[in-house]
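Chains here go by letter, A, B and C, matching the order in which they are written, and residues are numbered from 1 within each.
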Amino acid sequence: MSDAVVLAADIAAGHDGDAELVVTVRYENGVVGVVALDSDSAFDIMQSCGAASSADLVGRPWHEVLKGV
Amino acid sequence: MTLSQQRRFTTPEPDETLDSLAARARPDLDLATAIELIRGWNLHIFLMRRPRGLLLGGDVVFIEPPLI
Amino acid sequence: MFDILIKNGMVIDGVGSKAVLSDVGIKDGKILAIGENLKDGGRQVLDAAGLVVSPGFIDPHTHFDAQLLWDGAAKPALEHGVTSIIPGNCSLSLAPLKAEDRKTLIGMFQQIEELPPAAFTDAFEWTWETFSGYRAAIEGTLSVNVAPLVGHSVIRLWVMGADAQQRAARPEEISAMQDLLRECLNAGAVGLSTSFVDVDENARPVPSRFAQFQELDALCAVLGEFGRMLQIVPEFYDTDITIARIDQLAELSLKHKIPTTLSPVFDNRQSPNNVPRTLARIDEQMARGARVWPQMQTRPIDISFSLLRPSLFFARLPSWVKILRLPVTERISALRDPVTADKLVADAGEDGGERLMGRLIVRGGGEAPEHLVGRTLGDIAAERGEVPARALITLSLENDLEIAFLAANGGHDSTDRIGPMLANPLVHIGASDGGAHLTSFSTYGDTGYLFSEFVRKSGALTLEHAVQKITSEPAEIWGLKDRGILKTGYAADVVIFDPLTIDRGIERPVFDMPGGGMRYVRDSIGVDTVVVNGQIAWAKGAYTNAQTGQICELA
């Protein structure tokens, strides 16, 4: 079983009119899924893993992205 | 009609902690691994909620990754 | 003689039948006759030549609970042809509520509906605690029909007090909640609403979210005694969780023989499998006999932001992310620094941000100068001799960052994808959220948009099908007795509209909330006349004094 990894991070419109970050993850079992993050959560993970932008998340192991939260 | 298989989940019991939930839901894994995986599969609880990780009685808590 | 005789209209009955040229006679609040060339005459005769005559539209997901206390028309919903509304969604209603819990509930309402504080202190008197008391407070001044849900969060709050937002309920508390719910249903509640998403003003989950599934099951047993609806807000941002909620609803529906509905369900390019997977699961559960209705809105979602709060709109731009995460005073200083500003502009792209920011629209309702409101940033930038990224910075600084920008159609915006979804027999058109999100965006005019975008523009639905989706279908799903169909003996809720022009107007700010509070609205276009229970409530662009709205009788 390989580590989950971020495949893409796109901006989308959330229900409340705020932008949200839709992160595409390839999970440890090979399945590709999406996770929609609100702005606080998305900025928090970007900061905690040292990503300068949403594009900077792409290619990172998912556990590394989440480790600081 | 037969229902297609969907991702397995559990719901927290009253006053349950992540530790006890992880031990209950994934006894096949060592506890630390179960906890880390469950956190990563349930960002609606462990990332987006304030306070983070607060388990609620109504929660859907996935105990496996998304299905193929 | 009829009270109202509508002549020469293209009558669409609401059940999908093809439009026919016919007259409609109304008397004593009911449809008395439908047919060609009715002879009896009417005290009021309306010539509907060239127009459609249809049942009044039904909006199944609103938050007009407070507004109804000072505005019985739920403006501007009624002028869009909406004659029946369902408030009390998302676990929150204004009753039952003990006096000592009002402050707690107001915080939740303000978070979700964005009503100004004056709405709860100046606009009405709290004369009730019980559900029947709230009903009495709104009855008599209604211009629109109301089928109110009772909120799970307030039922918890009544029984458990502050513990409702702390812990699971004990068996005796669940029993007390069952008794209270039964009392509300006997007083006319159309069902129970609950939420797995909403938070209060401190971002703490609302009381319903602390309930175990067993508690919801026990409350649904009471719904089963009446055959009434359970409405939920699922974690709509995640398909797997939504499917888990669908399965829970199906279990409750089958066990207690109740209808259930989940709202909202959205389509986004970034998660294109969300709706197809959701509907596939609904299909499986419906085939088992469960009644699980997903609600989908017609309107697209816009992204709105200012530089006062970090927005993910800029998430692709590293220098912008860095600056926008600074505390406000430091953020303003950084934006004023020429070197920093130059770097931000450079990072916005070689085109100066034209592609990313040029089509942003300056929103009204805040501190934006009137002459800029509604214009694109690209247009304003050209006028100022700046590139869009520079204009965004300077406009924000000139207005203390209190200027908001809108990126139109940021989600749920693919007409080609959404049209067939709305036409799907499994999909319940709704989720307007009317009366909520007041200062964020307009929640009115979704019905007009259904006709302009999905009937006239894309042809995804015929006119008759579109009418059916927002009249007889919601009436049947929710059990609204004798509504939603133009049929002899049914309530005379009627909309007369121009099928060639019906639409929603542009979004605009108005300051008509209590205390001068702002909200965004959209005017109706192409709606000629709205009749509620046999009296004209809106015609030719103006509201009348009719107050014939009722609490809906249930089947």
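General remarks:
Please note the rule applied: a contact is a pair of C-beta atoms (placed from the backbone, for glycine too) under 8 Å apart; a residue touches a chain by one contact, two chains touch by 3 or more.
The structure displayed is predicted, hence computed values, not measured ones.
Centroid analysis (C-alpha atoms only) places C farthest from chain A. More contacting C-beta pairs link the chains of A-C than the other of the two pairs A-B and A-C.
Put simply, the C-alpha centre of chain B and that of chain C have 32 angstrom between them.
Chain centres here are Cα means. That of chain A falls 19 Å from that of chain B. Distance between chain A and chain C, defined via averaged C-alpha coordinates, is recorded as 30 Å.
Within chain A, the positions touching two or more other chains are listed as 33, 35.
Residues of chain C found to touch two or more other chains are 237-238, 240.
Among the residues of chain B, those touching two or more other chains are numbered 66. For chain B in complex with chain C, the touching residues are 1, 3-4, 6-7, 9, 11, 13-15, 44, 49-50, 54, 56-60, 62, 66.
Put simply, chain A touches chain B in their complex at residues 4, 27-31, 33, 35, 37-38, 40-41, 44-45, 62-63, 66, 69. In the complex of the two chains, the chain A residues touching chain C come out as 9-22, 33-36, 39, 42-43, 46-47, 52-56.
The part of chain C that touches chain A in the complex is made up of residues 236-240, 264, 266, 268-271, 300-305, 309-313, 315-318, 321-322, 325, 407, 410-413, 437, 440-441.
Chain contact summary for the complex, chain C toward chain B: residues 167-168, 194, 196, 199, 203-205, 208-213, 215-216, 235, 237-238, 240-241, 243-245, 247, 280-281, 284-285, 287-288.
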